[in-house]
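The letters A, B and C name the chains in turn, as written, and every chain counts its residues from 1.
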Amino acid sequence: MSNIITVTELSKQFKQITAVNQLSFSIEQGDVYGFLGQNGAGKSTTIRMLLSLIKPTTGNIEIFGLNLQSHRKKILQQVGSVIEKPDVYSYLSALQNLQLFAKLSGMQLTKKTLMQQLERVGLAQRANDTVKIFSQGMKQRLGIAIALVHNPTLIILDEPTNGLDPQGIADIRNLILHLSKEDKKTILVSSHLLTEIEQIASKVLIIDKGKKVIEGAASDLFDPSQTIVELSTIDNDAAWNWLLQSEWSKYLLKKSKASLSLKLNKIHIPQLNAALVKAELGVITIYPKNSLENYFLQVTSENQHVETFSN
Amino acid sequence: MWKLFQIELYKIFKRRRTYIAFIAIAALIAVVQLGLKVDGKEYAAFVMADLSNTLQISGNIINGYFVCYVILQLLLVHVPLLIALIAADMISGESNMGTLRLLLTKPISRTEFLLAKFFASTVYTVSLLVWMAILALFVSMWLFGTDDMFLLKNNYAVQIENADIFWRYIGAFCFAALAMTTVASLGFFLSQFSENSIGPIVATMSIIIICTILSTMSIPIFNIIKPYLFTTHMVAWKEFFDLKVNDANITIKGSIQHPEKIIQSATILLVHIVALITATIYFFNKKDILS
Amino acid sequence: MKLLPKLFFIIWLLDINFSTNAQDMNALIEKIKMKLNTVNEYVAEGKMKTDIAFIKAPIGKIKVLYKKPNFFQLKRENGISILPKGGVSMNISSIMAINNFIALYAGETIIDGNKVKIVKLLPTNENSDIVLTTLFIDEPNLLIKKAITTTNENGTYEISFTYGKYANYGLPNKVIFKFNTKDYKMPKGITLEFDDGDKPNAEQKLKSKKGKVELTYSSYIINKGLF
């Protein structure tokens, strides 16, 4: 499959702050690419660079195989986006907003088509209401309708579930899945909430302080064979030494004051437990972290640079 | 570009704020017209007090043309503030609303975007002046009738024949449009530096107020900088209302005393517009959109 | 001393003149008045040219209405008229309208190639605004060629008359009214003009304090009872 986005050694320096640092990644056609990082990690800056809102200090961005700087217009014709808050003209109605942005994207759409687009995000009933009286969720849905109005190939959604209620979050999730599966769109979606990404992404990139922490296929990151196990015993040092001498040593990751971590297949956890009990190491907890979120929290909070998973 | 321009116009004229200026102008003009309608004779007597020691000036002095001149003199100093209200909001307003980032992810170049916005604010400026012309000139002509114009300048008075006035107003309004477009460009230029509208609007107004004060103060130290202030050149529309005289001191119909002043001021204003817009394009193209 | 008899002769001549002049001049003035009296009313049309240093004005069409004894109205058609204060005096009748006066002969001079008599009129009424009027009279034609009037209120002004077709009625074709003006300087607060205006040499020209208004009549309609 061909790359839709190729980012090479992208950096952005704001005075003293390096917002994005030598970031490289690529997104293939049909991917739902989850872009993860805590607030301030550099996600928005990267996305804004992809949309030409921010000029990179160094590095290169190619979208649809074209250089963004030299083919900006051509590229943006096929890109739809919602960046952070879905701000639109509050003094215009939903329909007027949609029509205006369709025109800006070079589309002259009939009212019927526009209404269908609003229908798709559940706003057809409110088409003629001014956006001023819309709830955050409605604005978000309108923002998505605007992002999709010109039928783009690539959709970039920056924190699309921000400020939404659970139902709204579910709606957006379903919409993204629909766009990916039914409409075969390539989607880049960023979030600081891993649970969101976990359910929709085919590929995940985690960044922290502007640097890539991990990138890989979701299937790998959620692979049971890659489960991180956190273990605490009465004497962690003794347990660590015992494990180092045992057949489990190959699974050892690291030791901290409170716990030891291992990476192994989920199914081996009972065996590990039995071995530790047998060695009378006083197991207090064994906690499997098979969700990417735990991992995400760990890598970002400790700022560890972990090996890159590959397909 | 044309489409973009239409969209910008659509946005301007869909906003209530746009009409504040139109209402304000209508109100100000109505006040002046009412005042002159009720007390015009007293006003004329007051203005002519010095002259009437030796001369007896009779006729319909407070006529539509004269009233329009009074209105323009009073109002054109304040219209820049109304222009700033829209022009200085053109970019900062989008920034504030959050729509700027959405707009700039559309397949349009930033230069096109800026030019469309600038031309739209120029249309707003011109329509404000057309509105002013309708009210100040045509309504005054209807209310006060027309006659010769008798204007008092600092060192002399000018009488312009009825039939020789209308075209001068066309010229004056065109010049005023240029002057106000300069104000719009200034507001537009400042507009890019802020993410809220208040800053650029206040900054534009402050610059205009300060420069106007410097332009109007007859203090030698300021006289040096006067020719370089755009506000000095903004009042050159008045030159349309000064006539050349022949050797017998008779006005020459259709003449302008200092056409070169109009041309010079218009050129200076035009240079300001081009420079400000070029600077706006230059800075804005380099700008990171963080709003 | 052949000069002496000549001198006596001159003195004698002058003596005749002085002893008779007041009476003669009164008679002359009365004759002119009588001539002017033949005009009961008239409507005249013409042009007015205003030449006041600090006023730029166009030539305007005017209409003049006169009715005996002292109705005189000068209207500018469709326009604003700028006249010297007391400008109604811009006609002969008003100059001659003084009743109680002493007329004094003050010599002769030449105006436009015609010999004219200089007559000074001194009003006897102390309340009169006019202090002194000097008339330059073309005696054979009974026409006033020039009048210089000094008033209490409006200073001194000079009126010259040129005659043509309507000389029989004593009505001029052209009237030039010269008068003094005051300095003109408007406060910027009134004019709302904040630039300094014209350059100094142009200003110099503006400092001239003589004003002139020129009326050229193209037609008179006399005694037709038009108003």
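As a working rule, a residue touches a chain if its C-beta (ideal position, glycine included) is under 8 Å from a C-beta of that chain, and two chains touch if they have at least 3 such contacts.
These numbers come from a predicted model, not from an experiment.
Enquirer: For the protein chains shown, what form does their contact graph take: line, ring, star, complete or other?
Expert: line
Enquirer: Find the chain most remote from chain B, comparing centres computed as mean CA coordinates.
Expert: Measuring from the centre of chain B, the most distant chain centre belongs to A.
Enquirer: Nearest whole angstrom, what separates the Cα centre of chain B from the Cα centre of chain C?
Expert: The separation of the two C-alpha centroids amounts to 48 Å.
Enquirer: Roughly how far is chain A from chain C, centre to centre by C-alpha average, rounded to an integer in Å?
Expert: So the centroids are 101 Å from each other.
Enquirer: Indicate the whole-number Å distance between the mean C-alpha point of chain A and the mean C-alpha point of chain B.
Expert: Whole-Å distance between the two chain centres: 52.
Enquirer: Provide the list of chain C residues touching at least two other chains, using ranges where the numbers run on.
Expert: Chain C, residues with two or more chain partners: not present.
Enquirer: Which positions in chain A touch two or more other chains at once?
Expert: none
Enquirer: Which residues of chain C touch chain B in the complex?
Expert: Chain C reaches chain B through residues 49-60, 76, 78-87, 154, 179-182, 184-186, 188, 190-198, 203, 206, 211.
Enquirer: Quick one: which bits of chain A touch chain B in the complex? Just the residue numbers, please.
Expert: Interface residues on the chain A side: 14, 48, 51-55, 72-74, 76-77, 79, 81, 83-85, 87-92, 96, 100-101, 103-106, 143, 146.
Enquirer: Could you list, by residue number, the parts of chain B that touch chain C in their complex?
Expert: Interface residues on the chain B side: 47, 50-61, 73-74, 147-148, 150, 152-162, 164, 215-216, 218, 232, 235, 238, 242-243, 245, 248-251, 253.
Enquirer: Show me the residue ranges of chain B that touch chain A in the complex, using the header's touch definition.
Expert: 3-4, 7, 10-11, 14-16, 97-99, 101-109, 286, 288-290
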